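Some structures are shown below for you to check.
Below are two complexes that have chain A in common, paired first with chain B and then with chain C.
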Partner chain A sequence: MKRLFPVPHVIGFASSLLLSLIALVVIKFDLTFAMGMTILGVTALVQAGLQLFLFMHVSENEDKKTLFTNIGYALFVGLVTIFGTLFAMMWGYNMG
Partner chain B sequence: MKWDEFFVTGEPMIYAAMVSIVLVSIAIPAGLTYFKKWGYLWNNWLTTVDHKKIGIMYIIAALLMLFRGGVDALLMRAQTAIPENGLLDGQHYNEIFTTHGIIMILFMAMPFIIGLMNVVVPLQIGARDVAFPRLNAISFWLFFFGAMLLNISFVIGGSPDAGWSAYFPLASLEFSPTVGNNYYSLALQIAGIGTLMTGINFLVTILKMRAPGMKLMKMPMFTWSILITSVIIIFAFPVLTVALALMMLDRQFGTQFFAMQNGGMDMLWANLFWVWGHPEVYIVILPAFGIYSEIIATFARKNLYGYKSMVYSMIAISLLSFLVWVHHFYTMGHGVMVNSVFSITTMAIAIPTGVKIFNWLFTLRRGKISFTTPMLYALAFIPIFTIGGVTGVMLAMASADYQYHNTMFLVAHFHYVLIPGTVFGVIAGFHYWFPKVFGFKLNERLGKWAFWFITISFNVTFFPLFILGLNGMTRRMYTYSASTGYGPLNMLSMVGAVGLTIGFILLVYNIYWSTRYEPREVTGDPWDARSLEWSTPSPLPEYNFAITPAVDELDAFWFAKKTNKSLFEGEYEPIHMPNNSGLPFIMGIAFFFFGFFMVFSWWIPAVVAGLVILGTMAYRTFEQDHGHYISVEEIERTENALRGENS
Partner chain C sequence: MKIDHSLPLEYSTEENKLKILGFWIFLGAEIVLFSTLFAVYFTLQGNFADGPSASQIFELTPVMIETILLLTSSFTIGLGIHAMRIGSKKAMMTFFGITLLLGLGFLGVEITEFVTYVHEGATMQTSAFLSGLFTLLGTHGAHVTFGLLWGGAILYQVKKRGLTPETANKSFIFSLYWHFLDVVWIFIFSFVYLKGMM
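Now for the complex of A and B:
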């Protein structure tokens, strides 16, 4: 029975659905901007972790180093794009 | 959409294009039927998953698109050759410079590079195919049908006309009401998905499928360049995907992401476009750097100088390429701080690039150089690209950039970067690897004639544009008055464009001539080269390597030749190969129709085509396909036929 029924995956699936529902709270209730963003940020991070470690088995591969290098590169590009855009288009825009 | 707007009307040149499209689309099926080649085409090409054949199809498509983009370029040069010229009207000129840019970057440079990497990378690492052969075929057909979708825009509905960068608000529905920019968002999206999958495919192939003993630091430099290019593709293309999707939503579904009011931000498009666009430049240039490294080492008869620093400078370039994008729009009103930061990051790219230039020069130093056609392109690349690089540093200085932003100086600069940096590279690679794929060289005499025509004419075409730009001629102006004084230099540029045309005709004629008359080549190693692909027979058997090579150093094949050692120890074993499949082709057609219906906002047909796409995916999900085995007897037969009885 244990081998036929993948308990961790079912729990993982249920919790990723749950996380999506929690994220919905932000539009259903009247929250402050900071509160809403905090909820979205935290649920997104947990969700990403769940996908990477539970479903995609990043840490169980023999090529762990390559995979983490790739994730690091992705984080680098993602953060540069987001904060670079904010820097160029808002914070540093037309300040003389 | 009114039906009288469906076909583009009123221009003799467009009618000529329509007639030729109709003729070609009758001639091809008629010819196939007459010569009974339908089965051959389907079995050997349309359904193939063989990396070599997919590579060849990419390169043929790239050459066709080079022709199309080249005609665009000639028309532009002809229009601006004399003041107040009436060859093209403003709208037609806008469409032509837009499609010239899109086609040359996305449908010529990209497929040419992807074609070469398809052919060469598995051979260089001792593999029998890429990691995901079926996905590779899907990549090709998505690219191909994306390119076709953009090309029909010329006669059906009108081409995109807001520049290849499609800046908002100009590209918005309000200012570009034709379907032209819908073609832009959808054709590029379809082709872009294909490219993204290619990036994933080659990253996995290079990381997982190298011959035993080939450590990362023992890979040939071309494979290194493709590894890094794949990483850049994987991280840059999703930005384009998102930007194009937002563009489509804005133009066809009433959203306001890039609008000037309601909280939208028009300049965000330029920002996102260049977050992808600058890395894209390196996606097309780094592979050429890899090609030059192979060619220079081979024809200088020396190992590549500074192997490690070559690798580290490519990694540095790949990271820096994500940090510089704002240099494309310094004049949009950013503060001093923003422009300074991006000036510095941009100039920093000159450092790793300079390291590579010096490494090539040191490789040449004291080498026994043989001046073959590919080597000539590699040698010409170094000084011409350096001019492109130096003018790039000039443009990188934000305050000076205000002077020549949006002028012909910029146009000259990026042609001085992209033509030696990419076009010379792929042509050199084409000449270099041609005998590997087809079993005979391209004729050297004709090749050198083409080289001199192309190199000299290139400079005659584009050097005058530097001066015109400094004199104040802006890019994308379709005509000018004689009093500006721009006439003579533009005429000179036109003369160069004619010379370039002659050069490319010679290049294509050389393919024809060599196919008929060039002596066949039997060794598999016509250049006395260094890396693994030359250890295979030419033309190549389906499975590339009868026995997986064992490698213990860089340039293993070279040292094996010097020491009379064999790379292939062991007995033949049955080889497992993937099966052909028609699914990728069908999927490509479905994507084409999906894109076409979406362009015209015909929702119901679009939904139907979308369901067909999902259907092909579902079919694949449940398909049982375990590939096939090539038996030992068949391998023996093939190898004996290819290598002769004595080996």
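Now for the complex of A and C:
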């Protein structure tokens, strides 16, 4: 039974639950917008990292370089899409 | 077909390795797909017309239940792949089954949540905010629904054929998909729900 529950997986799972609870501070306490966003950003990224490296075994792949280049490129395009949209539609527009 | 026994079954042939790499490339496209939907939501979230705003309709309890169900399902499918690697077909199938049940539970809570919104007068047509919200959540929910069908089909194949390089490869690729949906949910949980309730 024990060998079906490897320790890294159990720790990873506990950490992801804990990180979700930590993220709740943004609604339980009256934080500034910047502070709240920072906490959410950090907890979400750590959780995504846990999934990627621990559960998805991203670094065990033989084509690691191709894979990281591809995921890196996708994240780049995604972030440019999100922040580019916000810049063009919200921030830049409001600046007049 | 050359089988390399030094590697886990899912990586054991050239074709298997390429399929896993190909699936990662697909996930790259999925990252971009969800990014566009997040961009739309962030742009429109302040435009709630005569309808309710985010803080008026979001409720913490169902969201926390959804989060815990999905995080747990991501854990159990990870255990399923681990069981597959130590060659335990029975444990692998049990963990995959639990994963799909948790996914079904998630979907049930999400559908209930959507129905509640609609009863409160918050439909997709009410405001730009709600159009963006339903599109983002709905696309994620549709992925989970598809995952349930896909996962069910894989369980059936493993039951019939056992753990072969082919079924192990399919199961592993499905686990990547499922973990990816969990990652997307983490961002929805943080930047849609918690941010909306701040």
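Convention: the second predicted complex is superposed on the first by the 88 of 96 C-alpha atoms of A that agree within 3 Å, B and C clash if a C-alpha of one lies under 4 Å from a C-alpha of the other, contacts with A are read in each partner's own complex, and residues count from 1 in each chain.
The rule we apply is simple: a contact is a pair of C-beta atoms (placed from the backbone, for glycine too) under 8 Å apart; a residue touches a chain by one contact, two chains touch by 3 or more.
Every value quoted in this text rests on a predicted model; they were computed, and no experiment measured them.
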| item | value |
| --- | --- |
| Chain B and chain C placed together on chain A: clash or fit? | clash |
| If touched residues of chain A are counted for chain B and for chain C, the larger one | C |
| First (chain B), second (chain C), both or neither touched by A:24 | second |
| Which superposed partner A:92 touches (first chain B, second chain C, both, neither) | first |
| Chain B versus chain C as contact partner of A:38, first or second or both or neither | neither |
| Which of chain B and chain C A:74 touches, first, second, both or neither | both |
| Touched partner set for A:56, first chain B, second chain C, both or neither | second |
| Which of chain B and chain C A:9 touches, first, second, both or neither | second |
| Partner chain in contact with A:66 - chain B first, chain C second, else both or neither | both |
| Clash-bearing segment of chain C, relative to chain B, as chosen among 1-9, 55-63, 73-81 or 145-153 | 145-153 |
| Contact residues common to both interfaces of chain A (with chain B and with chain C) | 63, 66, 70, 73-74, 77, 81, 84-85, 89 |
| Complex contacts: residues of chain C adjacent to chain A | 11, 17, 20-21, 24-25, 27-29, 31-32, 34-36, 38-40, 42-43, 60, 64, 67-68, 71-72, 74-75, 77-79, 82-83, 86, 88, 91, 175-176, 179-180, 182-183, 186-187, 189-191, 194-195, 197-198 |
| List of chain A residues in touch with chain B within their complex | 63, 66, 70, 73-74, 76-77, 80-81, 84-85, 87-89, 92-96 |
| Chain C partner contacts - residues on chain A that touch it in the complex | 3-6, 9, 12-13, 16-17, 20, 23-24, 26-27, 31, 33, 36-37, 40-41, 43-44, 47-48, 51-52, 54-56, 58, 61-63, 66-67, 70-71, 73-75, 77-79, 81-82, 84-86, 89-90 |
| Chain A partner contacts - residues on chain B that touch it in the complex | 207, 231, 235-236, 239, 265, 267-268, 271-272, 275, 319, 322-323, 325-326, 333-338, 341-342 |
